[in-house]
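The structures come next, written out as structure tokens.
What follows is subunit A paired twice: with subunit B in the first complex and subunit C in the second.
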Partner chain A sequence: MGDQIIQSILDGLVSGSIYGLMAIGFTLVFGIMHVINLAHGELYMLGAFTTFIMVGVYQINFFVAILAAMLIVGGLGFLIERYIFRPLRNTAMLNTLLASIGLSIFISNLVLKIAGTGMRSIPTPFSDKSFTIIGATISTHRLMVLLLTALLVAVLFWVIKFTKFGRSLRATSQDQDASALMGVNINLTYGLVFAISAGMAAMAGGLIGSLYVVDPTMGLGPGLKAFIIVILGGMGSVVGAIVGAFVMGYAETFTSLFWAASYQDLVGYILLILVLLLKPNGLFGGAKR
Partner chain B sequence: MNNNRMKIGTIIAVLVVLSVLPFLLDSYLIHILNQIGIWVILTASLNLMVGYTGQLSFAHVGLFAVGAYTSAILTTSAGFSFWTSFPIAAIVAGVLGFIIGLPVLRFKTHFFAIVTLGFGEIIRLTIYNWRDLTGGPNGIYNIPFPTNILGLDFALREHFYYLILISAVLVVLFVKLLIGSRTGKAMIAIRENENFALFVGINTWKVKIFAFTLSAALAGFAGSLYASYNSYISPYSFTVSESVSILLMVIIGGMGTIIGPILGTTFLIFLPELLRSVSEWRMVIYGGLLVLTIMFMRDGILGLIKSFVRKKKHHSEKNLLSTGKEEAAIAGSERN
Partner chain C sequence: MKKVKLGLVIFVLSVFAALAGCSKGSEETSGKSGGSVETVEIGVVLATSGPIAQTGTWVLDGHKAAEKEINDNGGFKVGDKTYKVKIVQYDSEGRAESATAATEKLINQDKVPVILGTSISSETAAMIPIAQRAKTPLITFVAASDILTAQGASFFSQAAPANKNYVEAGTKTMKDMEMKNIAFIYVDDAWGQSYGKLYPPAMEEKGLKIVATEKFAPEQKEFMTMLNKVKAKNPDGIVLAAETELAVPLLKQLHEVMPDVKIMESGGSIPEELIKVAPDAVNGLVTLSRAGAVTPEITKFQELFAKSNSYKANSFNYSGYDGIHFIVDAMQRAGTVTDKEKINKAIRDAKYKGLIGTYSFNEKGENSLVGNRAIIKDGKVIYQTVNEPLPK
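Up next is the complex of A and B:
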């Protein structure tokens, strides 16, 4: 049992970091654009498929493929913001929510029609070698996933804190009109935020697709979970998203360890309802929402 | 007055046509009409929340499932007749709606949407995992048809049609009467501005929990009909996709109107049947339509028809003077 617990701690670390990639993108879009993008999971699925096509079909290097998938899906995100969310920007928030649900159903079913339900997995360049840490094993592959995630999050923090673009991001999230008056190009900022969010989801998809399988419906669960994690951590808070992601990752791994794997998906919703009842602003949320 | 008489005349004519349809159409078309009837009840119930009270609920497919499973379990394992389990299904769904409503109705807009989505999924996953009671992923088979009454044999689609038709008409009529009542007006006030509704003395909490419970009971009612009509149910019929479908039916028809959801339901169920070659693309089309409706046609099909009729009227009455009062009346009739 002791070994299993340590193993679960490592597994939770991996799933937590993937959830983190998803949730940070989600919370950025919410915090800056006030858009709830329920199609986030579909961008993750598209990332996995793009990586799969490049690595599995055209035998492109795995890392290059992930980077390319981020750029392609990021570009798609930019277009989605431009043509769907921008026209809805100053209308009721529920409109963007509904449009994003429609988009999510559209994308996942379109891919399902084109690609079918077959199980696919992204071939990876990593050896089968694994490390043993106090009785639990972690493969090179999973270690790589952890390192890549940590690297990306670090870069993102640096961009937000120390670059001019990051400053315009923070300014826009505080006051759209005032930052527009100060010369921030709001439309470009929004487009780029959406592109970054989409790119991060694509990376999460590519990494998960290499660990497990790629299929058209894979985005639904993680997309909703990203939303739950963001509520858990506090809407719009990046740190909250990271903490929430690990809470979610561990809640799920320990549920499947102590209870049953089929109950794993229930945990997220129960957590969500508990948090909303006990601490509606989330763990790291501000006083108002 | 004349207008009103015309309205009643049209409704009676439509009802007469609907009641003779089984003699005119083939069994397949009747099957489609039956499905439309069941979904009309469900969308009427959802419209009560989304269209009139202004709360975007994703829990309705879950409550629909609760009604369907209650009715299915009572008629198969417990040996009840359909006629006793039919109201029980509605009551169980209504009670569950009340229990869910207590915490959920504290939230507004997108929080309400995600929490109801959460409850919908919890219901579905519970059904999926509670194998002893619900058959888990295998679902429940051989749900009996209602026993014969008044010489109607409900194993026949043409006869079941009348049960569905009467239920749908009664539910729609009930919603119409409710909206005309004080409570209905309070619901609309909450949709327009909840704080203001509170300010003018409406007990918004009470009205919202009443609307949610009632709407849950109606969804359970539809679920019971669905289970005994199809005689087979499984958790796969109650997914998020279905939530989005019924929401689209309400929105594309014109939410917050009586006719809108009926139009939307009919349109969206007929559409894949008409375009037979693309019927496998149903969900792709639904998803795309939802985006397009939100972007370009927020008042739905009914709004489109209304603005078309208004333009035509406006054209012919160009030379007549119109007072501001009339304009206001037209603008006010946009919804409800």
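Up next is the complex of A and C:
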């Protein structure tokens, strides 16, 4: 049993990383733009499809393809902010929420129409080799997901904490009008935030889609899971999203270990209800006046 | 503020639930006559969106191939009249609620004389009481759980090879694969649960030991903890019950955790699709199959199917094709395209030879189709009956 617990700790770490990749982009958009983007899962799906087309069809290097998917879907995110969310800025949150629902339905149905329901698999350059760490094994592919997520989170924190753009992000999230008066280009900041969020979803799609399968409906589950994690961690908090992702990852992993895999989603919802009852602003969400 | 936030969260979760159910709109057709040739509408309910959308889409493509073939040949005759076929299909989205709503619509609004559906046992189970009340024949060519015929509905017939027929083929195959200590993993839906109930006593009777039993949710994509838990029990064989959409990520992860273990899947997966999507993970896999050896009729259908589709026909396409031809045959024998009781009787009295075998039913609506098997070897699929020796 001891070996299984060590293995589950490692499995939970990988699951948490996968969830974290999705949740950080989701919470960034909410924290800075106050938009609940329910099309986040569809951007993840687009990232997976873009990676699949480049690697599976055009035989482009896997890592180059993921980078390109981030740029393409990130660019699309920039345009989405410009033409869908910017006109709705400073209106009720419900408007942007409904717009994101429409966007979600549009994207998934468009891809369904073009690509059909068939499943696809992204070829990866990773070997079948596994590594053993204190008795627990991890495949090269999963280890890469773990390392790339850690790298991305580190870069994101560095950008937010130590760069001029990061300062403008933090300032805009606190007070949009005051930031504009101080010379922050709000339109550009919002556009870039959405692009970063979309790019992160695309990276998740490429990395995780290659672990599972790629299909037009693949974004729905991760989109919902990202939303739950962001609520758990506290909406708008990047640290909260990361902590929430690992709480969810470990809750599911240990449910699978000690109970049954089929109940792991149930535990996620129970966690959400408990957090909403005990700490309505989430684990790291500050009280709003 | 807290109430507003809680309300917002509930609203957003509801939206996700709604999104899950409307990712693809229903396809509706209408019209019942045109010139001297009349049109018969056949109701079809299949999940063409949701977690098990691929299977439903395959069956629908098979239905459409039959529809096109019949209409291109000028229709079919009942008495003096010639009829063309028109499929009226609704997407059940993998949800019993959508399947029942579609059934009500087909019966009350479209007034179809017969309904085919679905590919998911839990959906079909919910449709049966509605069809029974309306005395409308309902027949499934894919849903295989034994809970369906257990309802005892006289207007429901199960034309899919039933799980209990497959269990015999499954235990024989486990023996042929020389499995002794077996881990049994199944999807936690009506179809998988049926195997969860049927396999253990049958395996015990054959002297096969189950060392681990695990079940997973249909929406699940991550299985590492479950598989590592299974690995700790040192099984020499794994028996899966998983539809193609669910089997692919599961088999990919199984290959990561236990690359050398023998695997048998219980008839939910299409081997050609597994090779296409996860070629490295499926070599040596044996899956039970509704289709046996390739016959001249199957070859002919594959050629017909290739004319309108961009992929090679598989056994779920065969079932879809059989479904429409079976109904046409029943209407011809009943001598009517509208009298639902006569059509139902013709269905139950059938001895129709289709692509996957001869369809006939007992008084409970159970069929006598047996399970065959398909072996994936070096990127190729070998179909055979379970009485033939496994290829070396």
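Note that the second predicted complex is superposed on the first by the 288 of 289 C-alpha atoms of A that agree within 3 Å, B and C clash if a C-alpha of one lies under 4 Å from a C-alpha of the other, contacts with A are read in each partner's own complex, and residues count from 1 in each chain.
One rule holds for everything that comes next: a contact is a pair of C-beta atoms (placed from the backbone, for glycine too) under 8 Å apart; a residue touches a chain by one contact, two chains touch by 3 or more.
Because the structure is a prediction, the values reported are computed rather than measured.
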Given the superposition on subunit A, are subunit B and subunit C in a clash or a fit? clash
Quick one: is A:S121 in contact with subunit B, with subunit C, with both, or with neither? Answer first, second, both or neither. second
Just subunit B (first), just subunit C (second), both, or neither: which does A:Y212 touch? second
Tell me which of subunit B and subunit C touches more residues of subunit A. C
Which superposed partner A:V73 touches (first subunit B, second subunit C, both, neither): neither
Touched partner set for A:P87, first subunit B, second subunit C, both or neither: first
Going by the contact rule set out at the top, does A:D265 touch subunit B (first), subunit C (second), both, or neither? both
If we overlay the two complexes on their shared chain A, which of subunit B and subunit C does A:M45 touch? Say first, second, both or neither. neither
Scan A:I273 for contacts with subunit B and subunit C and give back first, second, both or neither. first
Given the touch rule stated above, what does A:G223 touch, subunit B (first), subunit C (second), both, or neither? second
If you stack the two complexes on chain A, which partner ends up touching A:L103: first (subunit B), second (subunit C), both, or neither? first
Clash list for subunit B against subunit C, restricted to 168-176, 240-248 or 312-320, contains only 240-248
Touching both subunit B and subunit C, residues of subunit A: 36, 93, 97, 101, 104-105, 109, 220, 224, 227, 231, 262-263, 265, 276, 280
The subunit B residues in contact with subunit A across the complex are 56, 103, 107, 109-111, 113-115, 117-119, 121-122, 125-126, 128-129, 240-241, 244, 247-248, 251, 280-281, 283-284, 286-291, 293-295, 298
Could you list, by residue number, the parts of subunit C that touch subunit A in their complex? 1-2, 5-6, 8-9, 11-13, 15-16, 19-20, 22-25, 48-51, 53-54, 57, 188, 214-217, 219-226, 228-229, 232, 244-245, 248-249, 252-253, 255-257, 259, 273, 276-278, 280, 311
As the complex stands, subunit A meets subunit C at residues 3-4, 7-8, 11-12, 14-15, 18, 36, 38, 93, 97, 101, 104-105, 108-109, 112, 116-121, 128, 130, 137, 139, 141-142, 211-213, 215-217, 220-221, 223-224, 227, 231, 252-253, 256-257, 260-265, 276, 280-281, 288
Contacting residues of subunit A [partner subunit B, same complex]: 36, 84, 87-88, 93-95, 97-99, 101-107, 109-110, 113, 220, 224, 227-228, 231, 262-263, 265-266, 269-270, 272-273, 276-277, 280
